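In the two complexes that follow, subunit A is the common piece, with subunit B as its partner first and subunit C second.
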Partner chain A sequence: MIKTHKRVSDLHPEEIITPGTGLCAGCGGLEGLRLALKELGKDVVICNAAGCFTLLSVYPFTPLQGSWLYTTMGGPVPAAQGIRDALDVQLKKGKLPSQENLQVLVVAGDGSSNDIGLGPTSAALHRKLDFIYFCYDNEAYGNTGFQLSAASPFGSSTQTSPSTHEHPAGAEKMKKNLFDIWKAQDPTYIATVSPREPIDLSNKFAKAKTMSGPRMFICMSPCPTGWGFDPKDAHVIAKLAVDTGIFPIKEYFEGKVVHTKRPRKRLPVEKFLERQKRFSHLFYPERCEDVISQIQKNVDDYWSHFE
Partner chain B sequence: MIQVRFHGRGGQGIKTASQILGSAAFNSGFQAQDFPLYGAERRGAPIVAFTRISPTPILERGPISNPNLLLIGDETLLNDSQVAPLCGADESTIVFVNSTKSTEQIQKQFPFPAAPLILDLTDRCQNFLGKGHILSTALATAGARILGNIDLKDLLEAVKMELGQSLKPETLQKNLELTQDIFHSLSPCTIPEKPIKALASSPLIELKQTPVHEAAPIILAPGNMALRKTGNWRMQRPKIDYDHCNKCLICYARCPEGTIKIDEDGRPQIDYEHCKGCMICAQECPGHFIQTIRESEGAHE
Partner chain C sequence: MNKHSKMMLTGNKAAAWGVRLAQVDYVPAFPITPQTEIVETLAQWFSDGTLTGKYTNMDSEHSMFMAAGAAAATGVRVFTASSSQGILHGMEALYTIAGWRVPLVMVNVSRALATPITLEPDHNDVMSTRDCGMVQLHAETCQEVLDFILIGHRIAEHPQVALPVLVNMDGFYLSFTREPVVLPEPSEVARFLPPYKSEQPVFKASQPMARASAVFGGATYSYFKIQQDLAVRQAETVFHEVSEEFAQYFGRNYGPVENFMMDDAEFVFVMSNSFATKGKAAVLELRKQGIKAGLLKLRLIRPFPTQAIADSLLGHHKVAVIDQNLSPGMGGILFPEIVTSLYSRINRPEKFLSVIGGLGGKDILKEDFFSIVEHLRSDKSEGPLFLYNDDDLKQFKKVSHIALAEKGGSES
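Right, the complex of A and B next:
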């Protein structure tokens, strides 16, 4: 029986991540992980790919109550496989009491999830590895100074895809559709979550906790440093991403995709774009009408399948 | 050679300040070197930047431990044992602090080797740029003026060079106005020569080989990150108005760090030792019952 949360006061009171980490003030991804771990609890072993969340644990300190294994950017899922197998073998032999069974959680950024680590993830999905995957998606390689990743959306400027005379839009490729890539391999559960919707996020993790097999989460992570906005606006940006329909909050379970938080009336995409420095070239010195309308069209096309 | 050290926080433009000062000195015919130093830390964390200025080629490299001029972007850093901005300063070091206090007040509080120069840059940045925490132009201008050997013309040119690429013309114009304002509010100092010390050699360290299981970085104390205080990252501090707080706990859910705890009465309590001052709580409080105060003022309440 899954307890559903209705109010903020229903959130689990225990904090699994202690403060003191070296992550940026106002990090949206940290908030997503904090809320997620509140739900998953202490009995978790995290396999952390290199990325921004490298700074979660800086020797000799850890913010976690549970275990944490640091891996290369492409290696968190193989690490999860190894840990899962070791746990299973030890449990089966009776060398480990069943209450010491841990939930294996992969924490990786969008760079690792979309680019370098996708191969091993695909293989793990194929093997139906019993784990949870948490991808904090700030739409670029944020740890090294915000370079283009396969998750950088069309029209955004990054260190390696600035707006130039040759390439006025900045990033010219569409964001990779990780949700559908994963969906094609039919894992147990997939969901997109936003720190802006803590109740929705907590309910999804509560649900995933009761299942077994591969379970995936994409957490939209507003990045004050890379996206270029005041840290205090992180939630305004996260809300606009949902309200403009740019970031659909949905889940995939038993063959069906359900939008759990639908924007009632979708706002124009400019509302989201104009508040961030990475899109400022679309508005200044001249308004790039073609790029903005293309972004709007992509969003409209997406939602037309569900309306 | 003049050695300048800047202290501030990630996001305040401390690196840019050192660049502007370096470029301004270069424009005035000097040789210059500028670079920041930060570890794994992020936006809000204390950082340091350096500028070396000399009429002759600069052969020295590395951080400046014994500066001629210290520019401190935030007075709350003075209180911080991890940053220790006065480290390496002696009687001949000129110290500039961005503060609202008077020289007497601040000297009572902190052990300055000599009376520091003070100007409220945050207030001016707020007036000119509408953003009190962006100190790049202001701190570089203060530095250039105190050194006294950099022309205003060269400084303005440096501001255009360093910021012109990324700022809109009207914002750049405001930065140039800010430069002129601060330049005329301060007066130049004479920088005393520092005696050249002989280099002391230290005995070589003997390295011993350690077994792998001892050398591997394993942490066995859960949750000890809380020992690391990140409260010194703040430029602004949130303050809850408990007379009006209706315990909706939105601030608690929205705090990325989890620094808002709930007490027995169900009221949110901010953990100021760890709050990084992102101010999401103040922005998100539905009734706007969380105030934003400048850290240097809030800390003494």
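Right, the complex of A and C next:
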């Protein structure tokens, strides 16, 4: 791995997303994108899917130093295709000097990425589109009030998967494995990143920037509003997601998956769960032991493949 | 190729030739009958180097329209084509890219919509795009298809328009019908429609821009929508300018409407697209029998050429609008548009009749036009007249008999 940064003070001082956006205080995904853009620089065009991050650019303001195109909830990847193709055509015909070229970046939520936009994304992977995909994973449809998405984890309650007497767990399905879905289509690069691991995140973007082809980032995105915690605790929640092993930090490159940050000794999952309102039904009025131990077992099973 | 070379071309091939002559840079595509021949031809030409640029096989119409719009926003000349269910599947993207105010040309090869599913034409697909904010040109002949693609790019790329332009042709009746088509000389086309250079800001490193940002508040939203409306309206003036120039180069002169034997017409049929040819033939037949019929063909549907329609229809007494589409529970879609556009004018026709025919490719017969005249003659006011006769019902009964026959049931 090309280590370009060793400590936080090494990170690029330049901000591509300037302060002052309409997103919530403590949004983990926004912090992830801010760090990502420091690496990618200004010569980027973001194709955005409907979601929270659409509020990054609200007329007449944009916090971005690069370019922005709001698309549809299912359309950011095909829009990226159109831009990439148009840039390539012009470069080839000599109508665009190479210094005018842009890196095409898709910014979409987990709902868009796992659900409505997955088909078009799979197609773009098949076409080997040269682009970077940044999925901020807040594990629900955040912008519409926190409903179940295919990325909502087992045992979480959302507005459309409430915990009830009949369905105590809330969300009863496992989170879709977007990493492996991408991996099955042989992309250039995939990484999971956390805003709580800025060096790891930055180095991965630095590395991905030197490559071409489809590159994917899934950014764990603690969401104070939807998950139910105090915005000032976003970094604690992000850290617990990593330290409990619930959110593995890894990358896929040239056929191999490598965990780039391993929790030295994994904390019990409830350390992460108990601090969020979306899991509170697992603890009050009484402990849902079976659900909690199932979540723990899923995490243990995952890591047993790598230990 | 000499200056006036003529070829026998299907509507689809004529469209492909229009794209080739327009030196289009980029075509994202997804197949649907009856437009497949257009994209197959273009795929071949991009593949063998006849056309330079890029052809991308997309995964759906939603994706295709997004790619088309985004490429147009990045500064290349774009073409794409679809039809029917494809248009519906891509509808969200059509609204989106029309709102982006990007220039491109797309062909819709009209085909009726499910359910029931069919391959044959009518205009519900194209009418569903009526309110997206695109310019719409409807073609009667293969020649018009080719010419409208060239004219369409000029309109789309005009700085005061900057919108997608849709060129419509009928499936089968035009898409697969060979007609002699005059191919304009490429060097002349290059003068009429020079290689593309965007006059709008486009995505490139030295020109960061945010496009299609969210808005809060009706005042801002309304402003952009009104701008879009003005741009679509402006396309009529631009259409006139571009058409005139086109006529100077190529000798074919297109107005937003075409008047056929209208001067002394007592009975007027309003039609669009290829069935207007049948209408014209019927007008000649009716005239032979001493019935003063005429036909008004619409070429421009968005913007709606209100003034041109008024100029044609005012002073005529009886008008039948033949819609090849159906808004269930209301009737034809063009009918209220025509009536509304004349409502406040003096000397407007005394009788308007809404006629619905040609659904799902059902032929409109000569006799149908005679019967429309009879209805126009009567003083009864009546709701939409469906062109559906006893013969049609007999045909349906025959198939329904089979459908309803019990297993091993009786033969008829």
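Criterion: the second predicted complex is superposed on the first by the 304 of 307 C-alpha atoms of A that agree within 3 Å, B and C clash if a C-alpha of one lies under 4 Å from a C-alpha of the other, contacts with A are read in each partner's own complex, and residues count from 1 in each chain.
FYI, contacts are C-beta pairs under 8 Å (C-beta built on N, C-alpha and C of every residue); 3 or more make two chains touch, one makes a residue touch a chain.
Computed from a predicted model, the values in this text were never measured in an experiment.
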Q: In the overlay, answer first, second, both or neither for which of subunit B and subunit C A:258 touches.
A: neither
Q: Based on the superposed arrangement, let me know which partner A:85 touches: subunit B (first), subunit C (second), both, or neither?
A: second
Q: Please work out whether A:74 is in contact with subunit B alone, subunit C alone, both, or neither, and reply first, second, both or neither.
A: second
Q: Figure out whether A:47 sits in contact with subunit B (first) or subunit C (second), or with both, or with neither.
A: second
Q. Can A:184 be said to touch subunit B (first), subunit C (second), both, or neither?
A. neither
Q. With the two structures laid over each other on chain A, which partner does A:57 touch: subunit B (first), subunit C (second), both, or neither?
A. both
Q.
On the A-aligned overlay, A:66 touches which partner chain: subunit B = first, subunit C = second, or both, or neither?
A. both
Q) Which subunit A residues come up in both lists, the one for subunit B and the one for subunit C? A) 54-55, 57-60, 62, 64-66
(Q) Touching residues of subunit A toward subunit B in the complex: what are they? (A) 8-9, 11, 13, 15, 17-28, 30-31, 34-35, 54-55, 57-66, 195, 198, 224-225, 231-236, 284
(Q) Touching residues of subunit C toward subunit A in the complex: what are they? (A) 25-26, 28, 52-54, 56-60, 62-64, 66-76, 78, 92-93, 96, 100, 203-216, 220
Q: Using the touch rule from the top, collect the residues of subunit A that touch subunit C in their complex.
A: 42-43, 45, 47, 54-55, 57-60, 62, 64-72, 74-75, 77-83, 85-90, 93, 95-96, 99-102, 119-120, 122-124, 127
Q: In the complex, go through subunit B and note every residue touching subunit A.
A: 10-11, 40-45, 168, 217, 219, 221-230, 233, 248-250, 252-259, 262, 266, 271, 274-280, 282-284
